[in-house]
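Paired with subunit B in one complex and with subunit C in the other, subunit A is shared by the two complexes that follow.
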Partner chain A sequence: MDLLIFQAPILMVQASLDGILLGILFALIAYGMALQWGVMNIINIAQGDLVILGGYIAYTMYLAGIHPAWGVIVSPIIMYFVGWALYKLVINKVVDRDLFISILATFGIAIVFQQLMNFVFGADVVVAQSEYGTTMLFDNSVTLPNSKIFAAFISVIYAIGLVIYMRRSRLGRAIRATAQNARAAKILGVDTEKVYAATFGINAALCGVAGALISITLTLHPYVGLPYTVRSFMIVIVAGLGNLPAVALSGMGLGLFEEFADYILGTEFRIGAVFMLLVFILVYRRFKLSKKREYLK
Partner chain B sequence: MNKLVKLFITSISAITLALVSYTSSFAKVDGEYIVLGSAISLTGKYSSNGVHTQNGYNMAVERINKMGGVEVQGKKYKFEIIYYDDESNPKRAAQLAERLIKQDGVHYMLGPYSSGLTKAIAPVTEKYKIPMVEANGASRSLFTKGYKYLFAVLSPANQYLEVAIDLAVEKNGGKPVRIAQAFEQDAFSQDVRLGILDAAKRTGSEIIIDDKLPKELNDMAATLAKVKATKPDVLVVSGHTKGALTAIRQISEMKVDVPMLAMTHCDAAKLSKQHGKNSEYALCASQWHKNLSYKDKFFGGGKKYDKDFKKEFGYAPPYQSAESSAALLVFKDAFERANSFDRDAVRDALKDTDMQTFYGNIKFGPGGQNVAKPMILFQVRCKGDNCENKVVAPTKWASDKFYHPIPKWSERS
Partner chain C sequence: MKQKDLILYSGLIILGLAAPFLFSAFKVQLTYLCVLIVLAMTWNLQGGEMGYNSFGNILFYGLGMYLTASVQVGMFFPLAEWTESGGEKTFVHTTAQYFQGIGVGLLVAAIVPTIVAGAIGYAILGLRGHYFAICTLGLGIAAGEIAGGIEIIGAGQGFTTPPFPAEIVDPEARGQFFYFLSFLVLVLAFMFVKYIYGSRFRLILNAIRDNEDKAEAMGIQTMKYKIVGWMCSAFFCGLAGGIMGGLIGYIDSTDVAFDGREMGVFMVLMAILGGKGTLWGPVIGATLFHFFKEGLWTFILGWQYVALGVLIVVIVVYFPEGLMGWLREKYPDRFGEVIDEKDRKAQVEIK
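Let's look at the complex of A and B:
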C-alpha cells in the first residue's frame, strides 16, 4: 500500500504539483523570516502567528461580503503597521541582545497573539471561500485547485516585487547595508532604528499576504501558527540568509519532500520526516562549517 | 504593644476560622442548594465547545430549579454549580478538580469538555470518591480503567461511525466493502478508528487506506490523491472540526468521487454553513439531533429543547449542549432515588440509572459509559444554497432517506 505511488505514476505528478504549489507559499513566509533574521539577527517564533493574523484579516473581509482574495492587498497593509508597532513596543528592546532573549520575547509575542486571536475570533476553525474552482489535467486524474495556483502566483509576484524594491529603492539599499554591517551603515548615516522597524514591518506584511492566501487554500485556527514558523525556519536554515532564489528553491524542495514522504512513508510520518530532515541538515551544516574553520585557521 | 499583637493574631485567626467554617458549610449541600463543581474550558482552544457545555448545564439547572428542584428526604433542594476556567489545559483541569473538592468541598462533579480533560480529571474524582457525571468525554479509554465514580451520558467514541460501515455494507447488497480512512492522531479519533476496525472485521470488509493525520493537520491532499487512485466504497475521516473542514475543502477542490463519505464533528464545524453545497451528502455521526422522539418532563422533546435553548442563548443547541443538560437530569434522578446526600449512596443510585431524557435513554454499563443510546447519522442535504442536516440512520429515527451513492462531481451542479 505504501508504494501506491510507484504503481500509479500519475500520483507522482499530483504529488509534485501539490508540493511545489505549497512550497512556494511557504517560501514567501520563509523569505520574510530570512530578511529580518539577516538584518536584525532575530529568530521570530511569532512568524506563524503573524501569518494566521493576516489570514483572519482576510477572513473578516470575507465575512463582511468582500472577496477574500482582496486580502492579499489589504492584509499586508494592516500587517505592516502591526509589525511596525511590535518593533516599537518589544523588538527594539531585544534587537542588540543575545539571540536567546529575542527567541524568548517573540515566543511571548506568539502566545499573546494566539490568545488575542482566540479572544477576538473564537476558537473555531474557519475557512474563507474563494469559489475559484479546479483545473483538471490528464483526464481528471490530476487536479489543481485554482486557489492554490492563485496563491503560488501571488507569492511569486510579491517575492519579485520585493527583490526589485530591495535593489532599487533607498530604503531597500539601507536595509541591505544594515544587514551587511549595521555599525558601518550607521556611521555612513543610515538610520538603523528606522531600518529595523521597516524590516519588521515588511516581514509582517509578507506574513499578511501568506495568511490571506492560507485563508482561501487551507484552514485558520488561532493555534496553528507554529507549524508555519517551524517550516519557514527550516527553509531558512537550508537556504541561508538573504538569498531569495535559494529560499524559493528550498521552499519548493521542502513541499516536495513532504508530499513524497506522505506517499512513501505514510501520512503519520509526514511531519516526522520534516523534522528528521531538519536534524540531518543541522548536523550536516555544522560538519561543513567545522571543516571550513579548519581550513581558515 | 504586646497586647495589640495578641489582639491582631486572635482576630486574624478568628477571621480565618470563620472563613474555613464558611467554606466547609458551602460544601455539598448548602441550605437549600446542592452544590456541584465543574472545571470547564472558557478560554483556550476548547472555549467554544466549553461554552456550549456550560450553557447546557446552566439551562438544565435553571429548568430543574424552576420546576420544583430535587426532592431528598421530603425537602426540596436546588442545584448550584461552581465553575472554574481550566484554560483548555489538562494539568490546570486536574488542579481545579482538586481545588473544587478540597477547598470548596464539592462532593458531586460535572465533567469538563473533551476526552483529554475528562481523562485528566477522572483520576482525581476517583481518588476522593466523588461521583462525576460527564457529558463530553467519549474516549473509550475512559471506560476501560475500572473507574467506579465516572458516569458518561454519551455513547463512547468507538461507536461513532460503526453504523456507517454497516450502512455501507447494507447498500452494497450485504457484501463487504473497501474502506479508506484517515484519522487524526489523538485519543478520540483513534477510538473512532478502532470502532471502524471492529466493524470491518465483523463485516469482512477490507481497509485499503489507513492514514493517520498529524495534529497540526492542514493539508490532506496526499491522502485524497490516494483515495482517488484506489476508488474505495467508503471514505471515513475524523479529525475534529479542522479535519472535517479540511476534508470537505479538499475533496471538493480535488473532485474526489466516493460513493460514501462518513465523518465526525460536522455540526461543531458548522460544515453546512461554512462549505455550503460542497458539503452536501456528507454523512456525519452525532450524539443527538433535535428531531429524535425522546421525551422527558423537563424539556419536553428535542424540538422544544431546541426552541427554548435558542430563546435563551440565541443560537441552535449543538449536541454538546444537549448532552450537558442531560447530565443534570441524571444527577437529579440519582439524588431522588438515593434519597440521601451520601456520596456512595448517590454513586450506587447513578449506577442503577435507567431513564429516558429528551437527549436519549440513559443506562450505564460496567465501565460507566451509556449503553442505552445509539449514535445517529445525519446527512447534509441542500435545497438551493440552504443546507441542512437530516437524520438518516438508524431507521427508527430517520426523517429522510439516506442518499446513496453520492453523485459524481461532474454530475453535480
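Let's look at the complex of A and C:
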C-alpha cells in the first residue's frame, strides 16, 4: 500500500482535479445510458464498447494525419448510424422484453464488438496525441494536461446542447413523450419505432464523443469497454433517470473516488475498486430500501 | 415409467464410465463437458428455478480453483515460494502428496464458496431482477481484478498448479483421473438436482420466481430459501472450479479462474439454450453447446468470439425458451400438461 498521498498533500489536489475532469467525461456516457434506459427500458452492456469504438474512429483519423480533436465531430456522426443499425438489427427485438434478455443480448453484442475491434485495430494499447501540452499549477507541483480540460469542456458543451435539443426540438419532445408513456405516445401519433431508433442512435453518438475524448486523454484498448459500462450504470443508479445535475455530480464523485483509490490502493486495484463500489452501492441501496420493505426496481 | 427411467439412467452411467475408453483421444473434452453440465445445471437451480439470473457464479468457480491449488501446494510447501518461482518445479509432489492435496483441496473448494455464498447472500439476494444480474456481474469481475493483484496466489503472472505425479508413467492416467473425478461430481450433482426437483424446495423456489411478494405473504421465508438455493449452486461451482484448475494446470486471474467473459456467460447460455427451469434442459444445452463450440472453434479460428457473440444474441433473441421450452410448446402432453382445447382456441384468437 502506497500512502504517498498523505505524505505529500499536494497530490490530493492533483487527484481531485484529475478526478473531477474525468468524472465529467463519465457523466456524459452515463447521460446516454440514462437516456436509453429511461426511454427504451434497456440496459446496454455494450455501452462501453461503443465508447471504445468511438475512440478508435478518432484514433484512425489521427493515423490518417487529421488532428484527433476533430473526432468529437466526426465520431458521433458515424456512431449515430452504428447505433441506428444496431437498433434495427437486434435491439428492436428486445425492447419490450425482460430486462435480463436485453442484458444478455447486449453482452453478446459487446463480445462481437470487442473481437472485431481487436481484429481491425490490434490488441495494443494506443493513444492519439493531441499535443495540447500541459498546464502547471502551484509551483509546477500539479500537472494538468490541457487535453483533459478540453475533454471536460467539450463534454459540457455536448450535454448542454443535448438538453436544449431535448427541450426544444420535435424529436426531443417525441422522445420525452415516449419515455413517459410509450403507448399513449403511440396513440397520439408518435412513431415510437423511429423514436427508439433515434434514441439509441443519440446514445451511440454520445458514446462516440466520449470515445473521441478518451482517445486523446486516456488510452484505448479493445477490451476495456466493460468498466465504462459499469461506471455509467453506477452513475445512473446513484443519480436516477433524467436528473442531469445529479448525473454530473455523481460522475465527478466517481472520478474522485477512482483517482483516490488509484493513489491509496495502487493502480492494479483501480478497476477492481470500481466494480466493488458498484456492489457496495447496490447493497447499500438495498438495505436502505428494505427498511421500508421496498426493493430496487 | 419407473423401469424406463432405470434403463435410461443405467445406460447413461455405463456410457459415462465407458466413454474415456471408447473415445480415449477426447478425454479432456469429455471432462470439460462434465464440468460444463454441472455448471449449467447448478446455474439453472437459481437462474431457472429461482428466477435470480446470476452472472456471478463464476465467483465460486474461480474461488474453488484458487483454493484447490493453494491447498494442494500449501499443505506441503510454502505457497509464496511456489508462486514466486512461477512454475519452475522447485518442489515436487510425491504421488501420495498429490492425491492427498487434491482431495483436501476439493473439500475446501466445495465448502468455502458455500460459506461465502451464505455470507454475502443476505446482502446480494435482496436485490431483484436486473440489479441482481448487474451486481453479480460486478462481483465476478471485481474478484478477478482483485485476485490479479494478490501476490501470494501469483498476481498477474498466474499460478501453476502442481503437475500430475511423474511416478505414474501411464500416459492415460492423468486424463482418466480427471475424467472420472468430474464424472463423479456430475453424477452427484445430477442426483442432487433430481432430488430437489421432486421436493418441496423446488416448489418454494418456483414460488419465489413467479411472485416473490406473494410467496412471502404466504408465509415462506423467501430470504432463507434464496440463500440456500445460492449455496447449493456455489457448492458445485467450487468443486467444478477445483477440477478445472487441476486439469488446465495453470490459473490466470481473469482468463481462467474468474473468466466472466467465457465460462461465466457459457453457463447462462447453456441453461437458456437447453431450456431454463427443466431438469434435462441444461444437460442437453451444455452437450449441444460443447459439440457446437468444439466443432466450430477449429474451423473459424480467430473468429470464435465473434461467432460466440452472434450465438448469444441469436439464442437470447430468438430462443429465450430454449430447446425444452420449444418441445414443451410442441408436444405438451409429453410433459404431462393437459390443454383445454377451448382455452387454446381462445388464445389463438387473441393472438
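The rule is simple: the second predicted complex is superposed on the first by the 273 of 297 C-alpha atoms of A that agree within 3 Å, B and C clash if a C-alpha of one lies under 4 Å from a C-alpha of the other, contacts with A are read in each partner's own complex, and residues count from 1 in each chain.
Note that in this section a residue touches a chain if its C-beta (ideal position, glycine included) is under 8 Å from a C-beta of that chain, and two chains touch if they have at least 3 such contacts.
Owing to the predicted nature of the structure, the values given are computational and were not obtained by experimental measurement.
K.L.:
Just subunit B (first), just subunit C (second), both, or neither: which does A:L244 touch?
P.N.:
In the superposed model, A:L244 contacts neither subunit B nor subunit C.
K.L.:
Examine A:K93 and indicate which partner it touches, taking first as subunit B and second as subunit C; both and neither are also allowed.
P.N.:
Second partner only, subunit C.
K.L.:
So in the superposed three-chain picture, is A:A85 touching just subunit B, just subunit C, both, or none of them (first/second/both/neither)?
P.N.:
In the superposed model, A:A85 contacts neither subunit B nor subunit C.
K.L.:
Between subunit B (first) and subunit C (second), which, if any, makes contact with A:V279: first, second, both or neither?
P.N.:
Second partner only.
K.L.:
Taking the superposition as given, does A:I264 touch the first partner, subunit B, the second, subunit C, both, or neither?
P.N.:
It touches nothing on subunit B or subunit C.
K.L.:
Could you tell me if A:I109 is touching subunit B, subunit C, both of them or neither one (first, second, both, neither)?
P.N.:
second
K.L.:
If you stack the two complexes on chain A, which partner ends up touching A:N140: first (subunit B), second (subunit C), both, or neither?
P.N.:
First partner only, subunit B.
K.L.:
Report for A:D124: first if it touches subunit B alone, second if subunit C alone, otherwise both or neither.
P.N.:
Touch partner of A:D124: subunit B, not subunit C.
K.L.:
Thinking of the overlay built on chain A, is A:P222 touched by subunit B (first), by subunit C (second), by both, or by neither?
P.N.:
After superposing on A, A:P222 lies in contact with subunit B but is clear of subunit C.
K.L.:
By the touch definition above, which subunit A residues appear in both interfaces, subunit B in one complex and subunit C in the other?
P.N.:
Touching subunit B in the first complex and subunit C in the second, residues 115, 119, 226, 266, 268, 271 of subunit A appear in both lists.
K.L.:
In the complex, go through subunit A and note every residue touching subunit B.
P.N.:
Contact set of subunit A toward subunit B: 1, 4, 8, 10-11, 14-15, 18, 22, 115, 118-119, 122-127, 129, 134, 136, 140-141, 143, 145, 147-148, 218-219, 221-224, 226-227, 259, 262-263, 266-268, 270-271.
K.L.:
If we count contacts the way the header does, which residues on subunit A are in touch with subunit C in the complex?
P.N.:
Of all residues in subunit A, those touching subunit C are 43, 90, 93-94, 97-101, 103-105, 107-116, 119, 226, 230, 233, 237, 266, 268-269, 271-272, 275-276, 278-279, 282-283, 286-287, 290, 295-297.
K.L.:
Considering the complex alone, what residue numbers of subunit C touch subunit A?
P.N.:
The contact residues of subunit C facing subunit A are 53, 123-124, 126-131, 133-135, 138-139, 141-142, 145-146, 148-149, 155-156, 261, 265, 268-269, 272, 302-303, 305-306, 308-313, 316-317, 320.
K.L.:
Which residues of subunit B touch subunit A once you look at their complex with the stated criterion?
P.N.:
Subunit B reaches subunit A through residues 43-49, 88, 182, 185, 208-214, 216, 218-223, 225-226, 228-230, 240-242, 245-246, 249-250, 253-255, 269-270, 274-276, 410.
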